[in-house]
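You will see two complexes here that share chain A, one where it goes with chain B and one where it goes with chain C.
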Partner chain A sequence: MFIFKLGLKNLTRQKRRNILIIFVIAFAFFGYLMMDSLMNGMEEMSFDNIKNYDTGNIQIVNPAYWEDREDLPLENLINLNQEIIEIIQETEGVLGVSPELRFKANLNNGIDETAVIGLGISFEQYNQVFATKNYIVEGSMFTSGELKAVIGVSLADLMDLKVDDYITLLVRTKDDTFNTIDVEISGLVRAPNPMINNGIVFVPLELAQQALNVDNGVSLLALKTIPGEEDAIIKRLKSSFQNKNFNLKPYSWKESASSVIALSAAKKGGIGTVLLVVLLIGMLGIINNVILSALERTEEIGMMKALGMRGWEIVFVFMIEATGIGILGGLAGCLLGYIGVSWLVKYGFSIGYISGGDASGYGIPILDRIYGIWNYPSFTFLFILGIIIAVLSSILPSYWAAKKDPVKAIYHR
Partner chain B sequence: MALLELKKVKKIYRQGKIEVPALRGIDLTVEQGEFTTIFGPSGSGKTTLLNMIGCLDTPSDGEVKLNGDEVSKLSPKQLAMVRRYNIGFIFQAYNLIPVLTAYENVEFAIRLIHLSKDGEIRKKVLKMLEEVGLKGLENRRPNELSGGEKQRVAIARALIKEPKIVLADEPTANLDSETGAEVIKIMVKMNQELKTTFIFSTHDPLIMKYAKRLINLKDGMISADERRG
Partner chain C sequence: MKRIKCVLWLGIIISILISNLIIISASELTAEEIIKKRDDNEYFDLVRIEAEMTIVNGGRKIIKTMIALSDKKNSLVEFTNPQDRGTKFLKREDDLWMFFPDAEEIIKISGHMLNQGMMGSDFSYQDIMESDKLTDLYDFKIVGEEEIDGRVCYVLEGIAREGVKVSYYRRLSWIDQERFIGLKEELYAPSGKLLKVTTAIEIREFEGRWIPIESVMENKLRGNTYTGFKIIQIEFNPKIPEGTFSLQNLR
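Moving on, here comes the complex of A and B:
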């Protein structure tokens, strides 16, 4: 117990050096916690933006369509009928179904032309699945039967368009002939998912089906489900489709977002590297401190040995001191981290300097700001790991200190 | 049986290929309660001899017996235990722990031997500090004490565990003559009251004046061994 007390009292020696090491450890912890919060926030926002504005929780498609879905083909579409809709809607856990017809188009404003993705939707059903309507910044969404369209603000800026302007979508029909869709812009959208804003034109589903000559065909059915139950719902849907001999297959949003998920995996590797650097900084700080302390206290170590202290008892004194520094550094780091993460959660981190706040060019479907999220296990994990590292990294230099020859230590001057 | 017995003790240090003999065959017997001074010129082997007696070092040849037990062949761990229970040290530079108070510096030595309960330890430490004239200064840290007071703490630390021998290496070297005399008087008093054996390595004529036995060391050998009254 006295040795423990001595170890703790030793913390008050070399105050400036100890404070510096505590500060270095705290700063490293702070950096890690901020990055962890930001990365996890980015991941959560990306996933939410994919689910809420692009894929829904589950997409149902013809398996042959799925293979070529990036090319937006008009082959292998789902011939939509009430039976399919009813089966899906009656599946436990499904909250909404939105049929979509996705197609390639060239948008013409009368002067310029640009390639866009056309999205034929049924407004009411689309709203059950996606949150886009909350981000109409000008005008309004169209309703069924209207010859109207909604486009993103970025696309509107690019093509110098505004609400009530007319646009022409040049499309190729299923039979590979050209056709046009002439619509009036009813609204402009600025959704958190920048991909919606940049190159998508929403038009009424029936209008798109008619122009593309696909009858009742839709590219996919996007589903909103109870969060986290996607896998179970997919199982139920598969079973239902099998029973009815429907050539349909449900896919989780994760399969549509593989590039973002890959980015997320890379992020975990990045956080791991940061963690390694943080721990290395802590280790070096502790090792350096124990070695310097042992050098400064050589005579004292000699005296302790003369009094009959055993090697492990001297090791223990230094380890207590090192552990104390680790604990104080960890606590200060967690406190700084708490303040920093609170700020990130509330105010976020501006990405305005990246392509005008649009990170989609980097595969991250986030606009303007990335908000941090609380990851309390990270605080606990880092704090405990910090203490373990402090203890472990102090063993060798403490042992080195305790191994000193008592005579040389006493008379080292 | 003698408290301490050295037979033909030699110590040779190696500096590269050169062998430097520090002790060339010391025969010495010290009885319980002696107040002995080892003196001699620098390099005569005083400190080396003190280290052998204090079980801080082992001889290259010969044997050291403490209380009849051979200690010169013990492992470092066993030597640490011998030091812990049997030997007290007083150093020239005091070697107090700066973050501990006078009380705690003394307490430190007795805590290591785990013999007494908390209440008893407190009584014992306070009594020892009073004996060395530090009553009222128990809570001061070394940097708040004068040189003489620091050395008194070191004496109290050496004596608190009631060791068989106290070894003091130049204990007055850092003190002015008046303070040095006070410190020596304390050690003389302790020697008389507790019958603790004191062995000094010193040049200080004042210590030699109080010593009951003077051992003159020259070139690693005892050249004179004089007992007084």
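Moving on, here comes the complex of A and C:
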């Protein structure tokens, strides 16, 4: 108990130095917690934006189409019929099905043209799966049979277009013949996924099918499912397709978003590096503190040893002091982290300086702000790890101090 | 007297028949024959062309010069104007490659890239890829007769044949009745929209063949833009070294 008290008392002896180290540790912890929150927030937002605006939870395609899906071919399409839709809709866990025909097109405003992705959708079904309709900032979505289109605000800005303007989409049919889709812009969308805003033109499904000469073909069926149950639903769908002998295969959104997932894995590596730096800062601070304390207290150590204090007891005194610094630094860091993460969760981090707030150019489908998320295990993990590192890093310099010869230590000057 | 009358009538009938036959044989060229005659004028087995392409987009005017070598199936185009010097295009049968000297890389142009304008012009890569004879791709019929710049033309309508891959579903061609050269052509999408119009500006005779020396293509989906193409020099059946149409030669 005496040793414990002595250790605690020592903690208050070099106030200025100890406070400085506590602050260094606290700011290192703060930095880590902020980065962890931001990176995890970015990951969650990216995944949500992919699921809610691009792929849905599951995509059903012809396996041959899947191989070439990046090229948006008009071959190996799904010949849509009611039986397929019913089987999917009746599968447990499926909340919505949206048939989509994806195709390459050149958007023409009468003066200029630019390459875009055309998306033939059935609006009612599309709304069951995707949240895009909530982000129509001007005009409205079209309904079935209308010769209308919805485009992103960025694309509208680029091509100097507004609601009620007419555009021509130059497309290639299944037989490679040039064809046109002439439509009026019914609405402008600004979705959280910038890819929707930059280069996609939504048109009614039947209109796209007719222009591309694909009869009843669709590129894929996007599904909304109960979150987290994708794997179980994929199993059910596979079994249904097998029973019916359909040449269809369900793919999880993760398979469509492999590049974002790869980026997320790289992010984890980045967080690990930051953690290493944080721990190194804490470790060096503690080691430095123990060595300085030992040097300052050489005579005291000699005196205590002369009075019969054993080596491990001296080591223990220094360890208590280091642990105290670790705990205080950790607490202060967690408190600062709590404040910082609260701010990130509420207000987010503006990415306005990155290409006008559009991070899609870097492979991250996020617009305007990245919001942090709470990761409570990170706080606990960092706090405990901080204390362990503080204790471990104090052992060697404490041992060095405890090894001193009492006579030499007393007369070390 | 009766006999004389009979002979007279017979003479009249024969002369009417003969004159009709002459008229029929002149005007009864089929659409396919007209197109074939045009093809004979405008398609070359082996040719070397020095040409100038003028791209006009709004107020901007860019002139590009090139040398093109072509046989029945393959073509090699090398740009010679300072800005694009060394840029080459190689068409081998149904494939198209491009070489940019700055990037020192050969790129295959395929898929959606074929829709883009070649070097910023109104000619899409797909346009230069189509080398099959039109009669293999379209069913033509004569739909009328019109005058262009004082020259009487057949107006032919070509509709893409079922199952054949063509860039343009429908084309209207104005073909000079005397010289069998296309003076104007309109290209349409299945939607009925007019996509492009090509007009011959100057036609000259070379070695007994009428050739459009200067023509203009307008992309009707875009306003204020057109591309002029002018042949500066043409040489038929030149000696083309072996390996000219190879990828190795593209670098």
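Throughout what follows, the second predicted complex is superposed on the first by the 413 of 413 C-alpha atoms of A that agree within 3 Å, B and C clash if a C-alpha of one lies under 4 Å from a C-alpha of the other, contacts with A are read in each partner's own complex, and residues count from 1 in each chain.
The working rule: contacts are C-beta pairs under 8 Å (C-beta built on N, C-alpha and C of every residue); 3 or more make two chains touch, one makes a residue touch a chain.
Everything numeric in this text was worked out from a predicted model, so none of it was measured.
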| Do chain B and chain C fit side by side on chain A after the overlay, or clash? | fit
| query | Touching A:K235, do we find chain B (first), chain C (second), both, or neither? | reply | neither
| task | Pick one for A:G308: touches chain B only (first), chain C only (second), both, or neither. | result | first
| Thinking of the overlay built on chain A, is A:T168 touched by chain B (first), by chain C (second), by both, or by neither? | second
| query | Is A:K9 touching the first partner chain B, the second partner chain C, both, or neither of them? | reply | first
| said: Taking the superposition on A as described, I'd like to know which of chain B and chain C A:Y411 touches: first, second, both or neither. | reply: first
| Given the touch rule stated above, what does A:A211 touch, chain B (first), chain C (second), both, or neither? | second
| With the two complexes overlaid on chain A, what is the closest approach of chain B to chain C, counting only CA atoms, in Å? | 71
| note | chain A contact set shared between chain B and chain C covers none
| field | chain A to chain C touching residues, read off their complex | value | 71-72, 104, 106, 108, 110-113, 115, 168, 170, 172-173, 175-182, 211, 213
| remark: chain B residues touching chain A in their complex are 47, 51, 54, 56-57, 77, 80-85, 87, 89, 91, 93, 95, 97-100, 107-109, 111-113, 157
| remark: As the complex stands, chain C meets chain A at residues 58, 111-112, 115-116, 126, 160, 163-169, 189-191, 193, 195, 221-224
| remark: Per the touch rule above, chain A residues touching chain B in the complex are 1-2, 6, 9-10, 12-13, 299-300, 302-303, 305-311, 406-407, 410-411
